[in-house]
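Here's a structure for you.
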Amino acid sequence: MSLLYFVLLPLLALFLMPLYRKHLHIISVMLNLTLLTLALTCTHTLPMVERVAVDLPFAITFVLERASWLLLTLFTLIMSLVSLYHLRYGNDKALFVASTMLGVGVSGLILSHDLFNIYIFFEISSISAYLLTALNQDVKAYGGAIRYMIVGAFASLFLLLGIMLIYLSIGVLDIGAIAERFGLIEPRLQFLILLSLFIGFGIKAELFGLNFWVADIYQASRSSVGSLFSALLSKSYLFVLFHLTYLLHVSPSQLFFLGLIGALTFVAAEFSAFKSHESKRIFAFSTLGQIGIITLALSYADAMLSAAALMLILTHAVAKTALFLALDLLERHFHSSHSTIFARFHAPFLMGIIALAGLSLLGIPPFAGFVAKLSILTGLASLEAYGAVALILLISLIEAAYLFRLLTGFRQGTGKERLYVAWSHKLLLGFMVLLLLGFGLMPEPLLQLCQAAAASMLGGNHVPL
Amino acid sequence: MNLKRTLALSHLLTGLLVSVMIIALLGTLRLLTPPIDTIGETLLHINAQSTQVANAVTSVVTYFRGLDTLGEVSILFLSIFGVALHMQHSTRNLFGAHDTLLQIGAQVLFPLIVLFGVYIITHGHLSPGGGFQGGVIIASAFVLRFLAYGDHYEPSARLLTLSESLSGAGLVLLGVLGLLLGDRIFAQILSLGTMGTLLSGGVIELVYLFVGLKVAAEMTLLSQHFIKARDV
Amino acid sequence: MFDAFGSSALLHQAITLLCFIIFGVALFGVLVKKNLFNIFLAFSIAEAALFLFFIGNHYAAQLQAPILFEGLSRFDPAVMVDPLPQAMILTTIVIGIAVLALALTFVIRYYKLTGHMRIDEMDELGEDR
Amino acid sequence: MIPFLIIATLLSLLAAAVMAIYSRDPAHSVLSYMGFGLGSTVLYLLFSAPDVALTEAVIGAGVGALVFVVALLQTQNKEQP
């Protein structure tokens, strides 16, 4: 089993597209399920290290350890769910190409240990995100895509600058080797490199100050695409950012700065979500809020908190996918995503799914989101960061306020339409909610996985040369 | 939130960050000292025995960092796919010239340019050049025809996409074959030959051949879609 | 007087300075220009300035291209330029042109649909519709 | 001699960049952009990177300029029917 198959199989499926252009949706499902199976079979052989081309210590290396395995499994799972969701809507070439390439990009981002290779996968995932934004081919979509391209160009410019400065000063690209030699660089140059890498990844990971564009992009694209953005794209950039942060042993003050950015992201996003009345914008801002909490938790570089943050990544991704897919059903029916559409239909199952996923997002007891948030809070309390605990609890009230406002929308309005939801979609959405419920009731196995992953992420996972 | 205010704010923020970066950069310029032993130099050392390719840049691009090239080729594929998707239903050629002299010139030059492109691709491991450059040169021959014939010249879009896709698939299959027969992507499954001859480098030449074919088809598609106006 | 830049360190500093002036000029252009056409042109130039900076800092007077011609018989870092940066830049140039073509496609389509391509008049997204 | 050529080319590149970005006439912008591409090709040759020079010549100055020229034509023929 080679790790390169996670990149090569989707590429092969893409390049052979002219041979089966009528059945792209079926191929997409088969491909993603195959990748999910491959990811699951890797469980027993972790950690896996694979060198590309030559056996030199500094050649391109693909590494799969506990943390990246957890994310890879999550990504392939979400990709499979989203492709299953689209199965009913038939053959869509643009969606197939862009989403498959997005899968290639994010898996490459978390697997690769070579900085320039990471840049390539960064570009692959960005370009597929631009294409996904412009999927509807109307004024809104093009406006969103152009904006996205402008911020994306900034991000890749600064990432490239960071990579160039690293190669010019120490002459290596493998991130393990960079970690070894990083101390040799002049401190001011070190700061410059860290700043450019932070701008590059921070823009894409939607951190505070660099995330002014996010709501527009989510609003411009389809809701089902929003699930990919929120579950895959921002999470993979965040993972690479923190992987680099832990490897390069940044100073405590820089970690504190990251934590501050996380807290600011959280507060600003929740307030913006509260002020918004467009459901896609609300979910976008709520994604930003969760990213803020995750950044805050990861910035302590503490085993327990990092495990909790990984758990939050998993539960948030599943809950947000369910929410965005449910919203996509509504959007396809009403051709609008303003929050008033919640008062215009009657479909008990769909309403139940949205309510339950929303509750998990908020962290209400029987769901997995509760376990994640609780372990973040206890972790912060054990580090005596009571300020952060108070902040999260306080701002969560705002989160509760806007989510309940959204959900009470169901009970208002007259002359409701009955909305037909297909059985396959019911099964899919039900599966996601059951997943959340199941891990909420029996969190132990998932927590253990997350703890192992956090340990390998914090341990620096130096590749044996 | 007002969009204009958001835009102004974002400009202010990015401007602030950028100016901080620039000031910091100008201060740290003199600290940059070239490193002593880089990976590039290591690769240069082992290049002779592991690839038998006279152009070290070619061997780095296609062999040592073949995965980067695969990613780059797929980026190009993705981008051209987007261009073709959003520019389809284009009808009118922007350059509707019907200059007989230009047409004769295009007739004469077309095979010469294609030949030159093929030369650049097949000699990528001996001299400067390679798949990307040669591919674009071949595509430029088609661009010349577009300019000279206007709407009267139309290469089959199906053939172009087919050759693009199949050469891409060939590249990936070469990688998979390397994984199965050797133990790594783009492993040397062919004999290396002797350095400096046309048939040297083994897999490297095949990689550049596929890349060249793919880039030629892609760039032709790009220009075909770009130089046609679509009236909405 | 031609020996003034004889030491490669001084030459590298001059190259770096000029490239970053171009880089800064281009980024400033991105921020102040309102025409989408000029914005993407400025991005393209900023990228090119970074490439020049990277390749230029690996240049030295006694080094030759990493290709075996008649005069050279073996690969030696003492007489040849580092090939890896050149390979990286080769890759990045192609990526840059791919992104540029896609961006201009979006700009053209946006222009066809709305009749303008100024970034300060793009207001189709926002809270109220 | 070569160091001075490098510095002079860089200075002219700076001028071309300013022309390309800040010119009000898009046609001037595109022409200066082509000039920028050619200048950087020369510079790569001076930096003993012939592979990059060839790539920049065909891709940066060739395809890039083509793409810009066509974008210019496509976005202007509506105003002057």
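Letters A, B, C and D mark the chains in the order given here, with residues in each chain numbered from 1 onward.
To be clear about the criterion, contacts are C-beta pairs under 8 Å (C-beta built on N, C-alpha and C of every residue); 3 or more make two chains touch, one makes a residue touch a chain.
The model shown is predicted, which means the values in this text are computed figures rather than measured ones.
Looking at which of B-C and B-D shares more C-beta pairs in contact, the answer is the pair B-C.
Put simply, the chain farthest from chain D by mean CA position is A. Averaged C-alpha coordinates put the centre of chain A at 38 Å from the centre of chain D. The distance from the centre of chain B to the centre of chain C, with each centre set as the mean of the Cα atoms, comes to 16 Å.
In whole angstrom, the spacing between the mean C-alpha positions of chain B and chain D is 19. Separating the centre of chain A from that of chain C, both taken as means of CA atoms, is a distance of 30 Å. In chain D, the residues that reach two or more other chains under the touch definition are 49-51, 55, 59, 63, 67, 71, 74. Shared contact sites, meaning residues of chain B that touch two or more other chains, fall at 1, 14, 25, 32-34, 38-41, 43, 55, 57, 65, 68, 72, 75, 78-79, 82, 86, 128, 132, 222, 226.
Residues of chain C in contact with two or more other chains: 27, 57-58, 65, 67, 84-86, 88, 90-91, 94-95, 98-99, 101-102, 106-109, 112-113, 119, 122, 125-127. Here the chains touching each other pair up as A-B, A-C, B-C, B-D, C-D. Residues of chain C touching chain A in their complex: 27, 30, 36, 39-40, 43, 46-47, 50, 53-54, 57, 84-85, 88, 91-92, 95, 98-99, 102-103, 106-107, 109-110, 113-114, 119, 122, 124-127, 129.
By the touch criterion given at the top, residues 49-51, 53-55, 58-59, 62-63, 66-67, 70-71, 73-74, 77 of chain D touch chain B in their complex. Within the complex formed with chain D, the residues of chain C that make contact are 2, 4-6, 11, 14-15, 18-19, 21-22, 25-26, 29, 33, 35, 37-38, 41-42, 44-45, 48-49, 51-52, 55-56, 58-59, 61, 63-65, 67, 81, 86, 89-90, 93-94, 96-97, 100-101, 104, 107-108, 111-112, 115, 117. Every residue of chain A that touches chain B in the complex is listed here, in rising order: 2, 4-5, 7-8, 11-12, 14-18, 50-54, 56, 58-60, 93-94, 97-98, 101, 104, 108, 116-117, 120-121, 123-124, 127-128, 130-131, 134, 137, 154, 158, 165, 167-174, 186, 188-189, 191-192, 195-196, 199, 209-210, 212-213, 272, 275.
By the touch rule above, chain D contacts chain C in their complex via residues 1-4, 6-7, 10-11, 13-14, 17-18, 20-22, 26, 29, 33, 36-37, 40, 43-44, 46-52, 55-56, 59-60, 63-64, 67-68, 71-72, 74-75, 78.
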